[in-house]
Structure formats: C-alpha cells, structure tokens
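Chain lettering (A, B, C, D, E and F) follows the sequence in which the chains are written, and residue indices restart at 1 in each chain.
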Amino acid sequence: MNRRYEELTGPEILDRICGSSTLLLPIGAVEQHGPHLPLAVDHIIAHETATAVVESVGEELDVWLLPTLSISKSNEHAWSPGTLWFSAATMMSILRDLGRAVASTGAERLVLLNGHGGNTTLLNTALRELRLEFGLKTFLVHPSVPPAYGGVSNASELGMGIHGGLNETSVFMHLRPDLVDLSKAERKVPEALADNQFVKFGGPVMFGWLSNDFDAAGYIGDPTGANTDLGKQLFEANVAHLGAQMSEIATFDFGR
Amino acid sequence: MNRRYEELTGPEILDRICGSSTLLLPIGAVEQHGPHLPLAVDHIIAHETATAVVESVGEELDVWLLPTLSISKSNEHAWSPGTLWFSAATMMSILRDLGRAVASTGAERLVLLNGHGGNTTLLNTALRELRLEFGLKTFLVHPSVPPAYGGVSNASELGMGIHGGLNETSVFMHLRPDLVDLSKAERKVPEALADNQFVKFGGPVMFGWLSNDFDAAGYIGDPTGANTDLGKQLFEANVAHLGAQMSEIATFDFGR
Amino acid sequence: MNRRYEELTGPEILDRICGSSTLLLPIGAVEQHGPHLPLAVDHIIAHETATAVVESVGEELDVWLLPTLSISKSNEHAWSPGTLWFSAATMMSILRDLGRAVASTGAERLVLLNGHGGNTTLLNTALRELRLEFGLKTFLVHPSVPPAYGGVSNASELGMGIHGGLNETSVFMHLRPDLVDLSKAERKVPEALADNQFVKFGGPVMFGWLSNDFDAAGYIGDPTGANTDLGKQLFEANVAHLGAQMSEIATFDFGR
Amino acid sequence: MNRRYEELTGPEILDRICGSSTLLLPIGAVEQHGPHLPLAVDHIIAHETATAVVESVGEELDVWLLPTLSISKSNEHAWSPGTLWFSAATMMSILRDLGRAVASTGAERLVLLNGHGGNTTLLNTALRELRLEFGLKTFLVHPSVPPAYGGVSNASELGMGIHGGLNETSVFMHLRPDLVDLSKAERKVPEALADNQFVKFGGPVMFGWLSNDFDAAGYIGDPTGANTDLGKQLFEANVAHLGAQMSEIATFDFGR
Amino acid sequence: MNRRYEELTGPEILDRICGSSTLLLPIGAVEQHGPHLPLAVDHIIAHETATAVVESVGEELDVWLLPTLSISKSNEHAWSPGTLWFSAATMMSILRDLGRAVASTGAERLVLLNGHGGNTTLLNTALRELRLEFGLKTFLVHPSVPPAYGGVSNASELGMGIHGGLNETSVFMHLRPDLVDLSKAERKVPEALADNQFVKFGGPVMFGWLSNDFDAAGYIGDPTGANTDLGKQLFEANVAHLGAQMSEIATFDFGR
Amino acid sequence: MNRRYEELTGPEILDRICGSSTLLLPIGAVEQHGPHLPLAVDHIIAHETATAVVESVGEELDVWLLPTLSISKSNEHAWSPGTLWFSAATMMSILRDLGRAVASTGAERLVLLNGHGGNTTLLNTALRELRLEFGLKTFLVHPSVPPAYGGVSNASELGMGIHGGLNETSVFMHLRPDLVDLSKAERKVPEALADNQFVKFGGPVMFGWLSNDFDAAGYIGDPTGANTDLGKQLFEANVAHLGAQMSEIATFDFGR
C-alpha cells in the first residue's frame, strides 16, 4: 500500500488519517559538504532513509510519509556560496505552519526525521512549541545509528566525523556513488579539539561554531576511507533502528 | 551534463555558477484537489515540468535546477484537513532566504516556476523584493500554455477550469496515471460567475476567494473529459513554451 | 447624502453600515513620477476617482468612502530620494488591521481602489488573507479603463505607458493642471522590451524591476502628447466603468 | 509658494529639500468620538492645524507639509465597531518606513504633529528610534494650547475633557460645524477620578484605560457648552503657538 | 510575611494571589551613567525602591514583588560600549509575555515601577496593550519624588539633572556608596537647552535625543554636590510617596 | 576584585573588558516546581552558582558576571498559573540583543550558564546565531554535575529526576532551606517511561512534553529524600566543575 501522504486525495485524508496515524517528515539540507560530496547529501540521506523506514514499517504502524523538506537551517555554512539556508525564524515558521496543518488531519503523532545536525536543537525546541500550540505528540529522530546498533565508533576520527566524514560519506556513496569523488577527500579532523575535556562535540560545554572555524575546507572528519560496503551496512542498520524507534513512538503515551 | 544544482559540490558552485547562469526554482503545493486527484498535483507538475525544461534547454542556456519547493501558500484550502500550507509571511521569508543564498553564488538570474496559482501574486511581489534587496534579475513563469502555443481553450469550462479541471487533470494523468480516479470527478463549474462581466477569474475586478466558496467539493472546473493524450500534448507544449521563455530570460537585460 | 465613512459618528456606524454595505478604500502613493509630475499623482488620482465613483453610485449601491491611504508600497522607487514607501510587511499589516476594523462594522464587502500599480500583486494577495481571516468579501479595482470602455491603446508607447506616461499624465492634468510641467517631459519608452515575446509588461513572464532599471529618469511612457481633453475623457470613462464594477460587486455572491 | 511636499516632483525634492528643511507630518485618527462628533475629528483637526501652521510659517522656516496620516493607533476604541486602528507594531513600522524615506531627502528635521492623544507615547518612543536609526532630529507637537497661550482651563470638566470634550468639540465645530450635533452631547466626566491624588489623567501614576472603561458612551468630558467662538479662538491660538514651536525647532541643535 | 512572588510555590499562587492582589514589577537598566556611576544605577535603584515599598505597604495592600527586570530599553546609550539594551520590539514582547502570565494568576492589577526614564513612553504604551489584550488594570510609577513630596528642585541643574545628576547620584550613594566616585564627576548641564521655550526636557515639544547628543561624557546634570544625606532623604521620601500611590492603586476602579 | 559587570562604569568597560575577557550570563526561570519548591528555584540556583564560579575563578580567568536573567522560556509550565515565561521568539530576541551589546565591549567570549533545562535547545541554537551575527565565541554550560565529578546517579529516580527531583531539591535546600517544604513532596517518577528503549529523557528519540503530561502535580522525580548535605556536596562539586569548564573556555580557540 502506498504510504505517501501527498498521494492521498483530500477526502482520503479524512478516511485514512486518524488518531493512531503517525506522520513522518523528512528534513534534509542543501549545503556545502566539502569537495568530495554534493550539496544534496543531507537531503538525499533524509529522503532515502525515511522512504525505507516507511516501506519497512509504515503499513504495520500506520505511518505516512510527508514530502521531504529539502532545505533547512544551514547557517553554519552561510560563508559558503551556494549553500541554501533558512534563518532560524523562517525555519520555526515553517514548522509551525506544518504543525498546524498536521493537527488538522486528526493524526496525533508527528515525527521529524532530521538529516542535518545543524537543525537538531531548533527542531527539539519546536517539538514543545507544536505540542503546546496544537496538542500534537511530537518526536525527533535522526538517521544515524549508535555503535550498539551496528554503527562504527570511528576512533580514527577521534569521534569528530560530524560533517562529510567517514560514516556520512559512506552512507551517501551507498545511495549515490555517482556523486562522490573520494580523490578530493582529505583528513580534516580538528585534532586540537580532541584534547579538550569539556569544549568539544558532544562534550558538556556546548559551543557555537561555523563550519569554516576549524578549516577553510568546511568539512569535519576523515572521509578518505569511505566505502559502499560500510555505507550499505550503516544505512540498513539505520533503517532497522529507526523502525524500532517508530514502533515505540506509535504506541507512546505519557501514561497520565 | 547534470544540471541539478544540489548535485554540485561547494567548490563546484564557484566554478560552474556565474553571472550568465540562470537558477530555476520549481514551486509546487500539497493541497486538496478534489476526490479525483491527490494532494501532490502541483508539486509533481512543477517538478516534472521544470525537470523537462532543464533537460531540454539547460545546457544551452546555462540553467541550473534548484530543489523543488514542494509546499507553498495554499491557504485557500486551509478549510480542508490535510492541506499543507505556509502563511504569506512564512512564504515570503522562504523566498527572501533563498534569494539571499542565490545571490551569494554570483548567478544573476532567478526564475520561479510556479505550479500553484494561489502563489502567483505573492511570488510576483517577491520578484521586486529580491531585485531590490539582492540585485537579482527575477522572473516568474507558469507551467501552463496559452491557446496560441497549443493549449486548449476549454470553452466547456467557461474558462474556469482553474483547480482540478480538464487541463490540470489531463497533464497530471500523463505524469501519474496511477494517482487519478476519474470515476470520482464531476463537473464543478461555478456557472453563476460566468454571467459576471467584471468579477470573475481573469476579470478586471480581482476578488478574494477560498476554494470552498463555490462548492463544498473544493475543485473548480470539469475534469470529466480528462485524458492522457490531451495531458501529453499539453505537457509537451508547456515544456516547449517554457523553453522559449527561458531562452529570452537567459539574455534579458533592462537595456539601460 | 454624505457617504464619507469617517464623517459618521460611532453610533451611526451601527445604524448605517450593515451587511449590504460596501466599503471603498482608495489607495494612492507618494512617489517620484519623473520631472513633469509631482509625487502625489497616484494619491490624487485614487482619491478623486473614488470620490467621483461614490458620488455617482454610492447612494444607489450603499457604498461608503473610507479615508484615502495616501502612501503605500512604492519600493520600485526607493532609489529616488523623497519617495515615501512602506515595506511589503508594513503594507500587509496596514491592510490586515483595516480588514479587522472593517469586519467589525458588519459590512461584508471591502473594495480596494488602487491607484498605484506597484501595489497590485500585494493587494491581490491581501484579498485572500482578509477573506480567510475575517470572512469579508474582498475586491480590488483600478482607476484605469481598458480600450473597450473608452481608453486609448497608446500604440505610440508600445503598450508601455505604465508610469508617468500619456494616459496617467493626461488624467492628472485634468485633475490638477497646475501641477504638470510638460516642458520637462520626454519620450521614455523602453523600446528594447517591445521586441520581447515573453518578458515584457503584461507578458507571460513576470519580472522584477525597479523604475530606474530602464532609464535614470524613472518614468516609463511618452507623456509628451498629454492633454486635458484626453484626461477628462479617460477620467470620466474610468468613473463610469468603476461604477459598473461596483454595481456588480454590490450584489456579488459566490453562488454556493 | 506651495509647501506641500507631495506636490514636488522627484527632481524638485533634490533641489528644494535640504539640511535646513523641516518636514511636518500630521497624524490624525478615525475613531469614535461619541454621538455628537464624527470619527474624523482627529484626522480633520490634525490636517487643518498643520495646514494652517505651514501657511503661516512654512516659507519663513522652510517647512514642508507631508501628507496627513489619517489613521493611527486608536486601540482604546477597539471595542467600538467602525473605529479604524493600527496596532502598535503596525504604527511603529509605518513611522520607521517614513523615517527612512524622510532621511533620504537630506532634510534633518522631522516633526510629528499628532492629533490623537492615544498615539503620544508611541510617537514619543519613535522619536528616539528614528534619531538612532536614521540620524534625524525628531520632534513631536500637539495641536492644543496650554492656558498660558490662550487655552481655557476647563475647570468645569475637572481637567478631564480629553476625548470629545469642550475644547475638542469647539475646535471641531469651528472647522466643520456641519458635522457636529450638540443635541446628542451630554456631560460625561468621570467624577470619581477627580478625587484621586495620583491615578488620574496627567497624574503621577500613569494607567492603562480604554475609552469605555468610564462610560459606555465612550467620550470623556463635557461638550455641552461647545461653541464656534471658543473653537475659533482655540484654533487660532493653537496655530500661533505651533508656529512659535516650529520656529524654535527650525534652529534647534543639541549644542555639542 | 514574605511578599516575594517568586518565593511562592505553584499551588500557593492559586491560594494567595487573587483579584485583590497587586503585582509590582521593578524595571531597571544596565547602561552607562558617566564615569562616576556604574552601569547598575537604575537596576539597583528600581530593585531597592520596590523592595522597600513592598516591605512598607505590601502586607496591608496585598502587593507582591515580581523579580526585577534588570535590563530594558536603553538605546539612547547604544553608542556606549557595554550598555546592555533591548530593542523596543524586544521590550514590548517581554511586557506582553509577562502580562499574559500575570493575567493567568487571577490578579487584576499590575504595576510597573520603572527606574529608567528611557522606558517611560514605551511602558506607558504597554499599559494600554496589556489592558486591551489581557483585561488587566495596569499602572506605571517612578521612583522619584516631586518637590511637593520632599524632592529638591535642583535649580542649579536648570531642571535638567535627568541622567547621573544630583538626585540620582545622591540616591545611589545612599544605597551603594562603594560604587560612586565623585572625583570623576563634573557639571554636565546642557545650558543651551535652558534658553529654549519649548524644546527642552519636560517642555511641550518632545524631541528625540541620544545621551551623547549633548556631551561626549553621556551624562546630564550636575552630580558634583551629591551626598548621602540628600540621597537618604530622597529615597525615603520616594518610598513613602510610592506607598501612597500604591494605596490608591490598590482600590482604583474605573467607576463604571 | 569586584567582577560584577554592572558595577563597572561606562569608561571602565573600555578599560577592563577586552579580547581576553569572558562574560558570564546566568539564566534562571520563575516557574512552578511542585508544592515543595518555590517558583524561584532555577533563578536562585543559576544566580548563586554563577556567583560562586566567578568568585572562584573570575580573577584568574578574567571572567565578568552579567546580571542574571531571572525569567526565561518556561512554556512547558504555561498551564500552571503564575509561571512567568517568555515565548521562544521573545527569548531569542533577548539573546540577540544581549549578544549585540556584549560584542560592543570587545570581549570575545560569552558563556550562558543555564539553570533551566527547558531553555537548553533554544540557547544552543542561539550560540550559533550569535557567533554568525556578531563573531562572538559562545558557550553554554549547566549547573549540574555528572556522576564522574561527584554527582549522584539517582537510580532510585530511574534517571528521571529532572524537575523538582532529588538533586535539584537538595541543592536548593542548601541555598535556601527556608523555601523548601519537604512535607509536601511525593515520589513523582513517570515509571512508564523507564520501560522505553528510545522515547525517554536522554534517549535517542527526543519528544515534546509539557510538565503536566506525566502527572497533574507538574514535577518529575523523587524529592522525598532531599537533604542539605547532599545539596552542599552537589553545589560545591558543580562550582568546581564549572570552574574547570571556564578554564578551558577561557583559552578555547578553534585552532585554525
């Protein structure tokens, strides 16, 4: 059965979408990813991952796939000509408008599947805004998998392969090998950060950064060893992991 | 050669996009179109039309295809659960943000290819905003073809087949026959308007309307005679016509 | 009988304005019109035209004249010191606030009589916003007359006498001959545009422009032949034509 | 010599407006004023007063009359159907846009002549905003005259004739006797306030109020004794007084 | 009894705050005050004054002390590095959000105790906004005392000791002698203004100014004679005077 | 030496604040915390923690303490009368205004010390906004300590003592024992969440929640065992831990 929301008719929305339905919104980005990857990386990964998740568990869990939001808040790459980015205010307005529309269907659950790390905190803020204003149950998931679910730890990147690094490049190679040029990839790991105890990616002190703060190339990680085998393995693990998350989401309640 | 903007890398943007380049932004909508058509009609028509135009003339005219904006200002369908719509303010913010990003590439021309009539006046307003703020040459085109270029006049619809009517349904059947159910289509022509001399679609008195002002079904036109032959003919004429328009746009200058 | 809205008292609003009433808002502009015309052209034309229309048909059709909005969105002339202009956001806020106030009276119809072409698309957008938010029936009319109603076609201007050209200058000379100095007028027709098939005023490709894109003088047309006889003829035809439009508006319904 | 700003042409703005020029913006209101006065009171008083001031001192002091802003922030009368009012945010946007335009002319002084008390604090706030953002010298004056300059003290109104009371009604009768109906006027003085030491109009404790907080009739004062003689005397004194103020404004500098 | 609002628990809010309660919001500023005073002057004076008022009359009048808003709209000092200031729009948003929260408690009266003159007109505007939107009775008071209540007239400052002058410096010395350095104080009275009949502080013509318009030092008045005796006398008189104002506020009604 | 920013004079800001200075902004909240704790919990903890940190390391690291922002975005408690909360838009405006002011001083580092978990994602978003717009190095720290630094793991709360639970209540008892009433505390742990693998506090699926989604009492955790010994131990560990973080922040650079 087709689970693409936009392929329903208006009357079908009333028939098919109900309180038990979950709507899944993939959110990508169109932003520089260094010389080895195209702008579309996050757009394509979010879209393909969400599509695979809905193919896998959509029927069982009554999940519907919303059209992918291809562009989002990529202002850490504003310095790079060509990056398409929405301001924080525009992005919040988009989410508010979509939350209002989703609430009109009678669905109670909206899941944001976010392919761009630069959105995470804003989307997390939006979860509460939409819950408060429209009464939706709101969730945010990411298409990456922790080591316990099959992800690799990437010690070689010192845990900092966060933008155009080994895992992302590999997953993207699996999806679109024609768009990757590893001959242009180098190791771009901000080694200095690794010595920090607190101020580092995932550390207890959060910090503001732009993608050219570390290196003019604008990517962060070591994609040189990327390969499609790893990409396939990660992608499939991600989809399986997200399926498990969607399963818990589909029956989640606050228990009050 | 691939002309999808988002498939370029950051450094390639600098190499490939320049003052003579034209960037083409398809704008769709995800909104109710009656019981015979899915929400995605405008999204898919805008996307497919723009893709075909770029395939046809992109190389010759140095046109690049931006990612399709699937959702837009569909508030004339706000009454219909499931329609995804941005407010006028959100839509204007989106366009402003994109205009700023496009201007950063060095391209001088931005073309909006608008698949949803409800956007036309706002987009037209935005043309000047983006020209004034970012210095871009801005253009707005539509994927429909006037009679002189192969379109049919649809006298049977009294010229009012504006939403889910004969032409749109036919074009969409050509693109996605699996998503059309003509058995649910009826004639929904607001006959009363036809007697008006001034207050009518395309008349000298513009008027505010919502899509359920005329009929609870929310579509306007007579799709009952839609067919893929007509759809194919219209689509191909549209693409050819837009190619001619893009050709003029590519060399347009104010002559000062 | 006096039909000036602002000359009613508060209690009279309740007595005199009702569902069958139509409120007419003239919208002008205070913007450069070249060296032969004052900034006030659109302000005065909108005001005088609306006044004459209400004198002509106000009593019969229950039309009330709102105070003229003298300044509006003239940002195509932002380059010209002295032009008074509201941003698109300010203009939309003004219209929203006025729509809310008009809806409070019980009148169901609001007509915008727009004397400045630079407003048209934004006002057209606002028609739907006000209909959706306040339930008003909203209309937009213009004080210019098509050839079929007595207007001249101005082949000499190649159809491009859109700002300070023959017709506008003539109408204004009829109203305020003391404020016109034809000795400073020249032919300023952007001839290059005339060869365009698509990208031209009124052509199928809309485009963003500023009034100094074509010529540093900032006006567009050929006012050299302007005269009060033509102006009188056009003005009277405009008023008659608008009266006919108001008549249709006064009884307009969606027929549902 | 004509001193109406909007009757200048664009090139004349450059010639005639300079650093020594003062631009005067009359600000009215269209709001309920009780059953004896029309909505237009503040609009007409501001317009007529400003016009007379410029006739009196414009040539000598190089003052130019901007078009009257007829509608403003009248939300204390939002309860009364028909009152046309801008929100505080809209009003501030209007002033900012006008400040930007005025600054583009090279004039250094902008004077707001405010006919509606409900605007005073917002306009006063705007004086600083425009000075900070555009470098203008900004001023706010009012068309009412203190006792020392010929005004009457109105002890009979306990100093509370602030909206539709004796002075305002008299001045308006002088300007437009056809629009006043004293037979509908009553004494509407909020006597209870008079006993207050602090919380009262002009007292040290400012307080928020709406015009129907005191009485459902919505006006405040005692217009029953209004007459054109008093109105004429007040109007002429006001104009003279404002002329003196303009004279000081025209040469005002901060002395640094 | 403790009258600090923030020291109540959530359930106590419901028990203790009711229609007869008055909530008092002290509003300070953190802005340059010349070389003899710290940025905190307005913050500390507003906080200490409000605290003393509530200690004095809180129990009797059912007044609750809200947490002090330390920073506000100090844009007349935007030129001075270090001044912390909110834009007018931010400040209005803060007040609107707080008004909404206060209205949720069931209290009917909100008093703003404003320690920074640069806020006065904006706060006065907000009084009406909050009354209209949330139905609150709203008041604005200031911690300074007129001569009739024990204040000194400061003829030596020509009535212009408005920022860092004799009275303010003295009051602050009383509160925080450790933070005052009179050795750096000079007489900074804009003498030129004193000759003005209209355009002056408290004059009938309001004008926009920044604190460095008069003198690069950025303070206005003559603090050289400041002393703690005067400060103590003024502070105590202010508190007593505000207590009397609060007493009238606590029973204020519109009398309708 | 005094390190309170607001106790500097304007000229001292220029002398004392420079590129090596770090400005520390404590951010609290005034929101319901159940029946056993006052609204002020986050305000007081943020203020006291930041004060202690600056006392400890301010001199050594050139840290300056900004005035505490007592109120913030507490909209998860909007349902609870009395909670004072700023909308997300207001909060972002406040941070933007403060970022602009901080950047004017020449300091390069701004640290937000956030006492209210509901702000975390918005503040994290703001870090990038301020870095991009004003060039500041921006950081976000929290006054809680992980187990490795002396915190307790609270297995008894199933890791969900996030609002008014054991640790927070203990720390607050240490600071203000007079404001805690443990006799009203109960165990309020949302046990159902503990069984979730993904959708839980700190789990990989983020979710939108309001504080009364789990229980009408609005607090989350088990404060019944709270005590001042634990509170003192945690507070001191927090301060020490934050001092270490500030030390790394003070010399942090991107290494490019």
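Here is the rule we go by: contacts are C-beta pairs under 8 Å (C-beta built on N, C-alpha and C of every residue); 3 or more make two chains touch, one makes a residue touch a chain.
Just so it is clear, the structure is predicted and the values come from calculations on it, not from any experiment.
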Path length in the contact graph (chain A to chain D, fewest steps): 3
Touching both chain B and chain E (chains): none
Label of the chain whose CA centroid is most distant from the centroid of chain F: C
Same or different residue numbers at the chain B/chain C copy interface, by half rule: same
Computed distance of Cα centres, chain B from chain A, in Å: 28
Geometric centre distance via CA averages, chain F-chain B, whole Å: 49
Two or more partner chains touched - positions in chain C: 89
Chain contact topology (line, ring, star, complete or other): ring
Successive chains along the ring, chain E then chain F then the rest: E, F, A, B, C, D
Residues of chain D that touch chain C when the two form their complex: 4-11, 13-14, 17, 30, 32-40, 43, 66-71, 77, 80-87, 89-90, 93-94, 96-98, 101, 104-106, 179, 181, 184, 218
In the complex, chain C residues that touch chain B: 75-76, 78, 88-89, 92, 118, 120-125, 127-132, 136-142, 146, 190-193, 196-199, 204-210, 212-216, 244-245, 248-249, 252-256
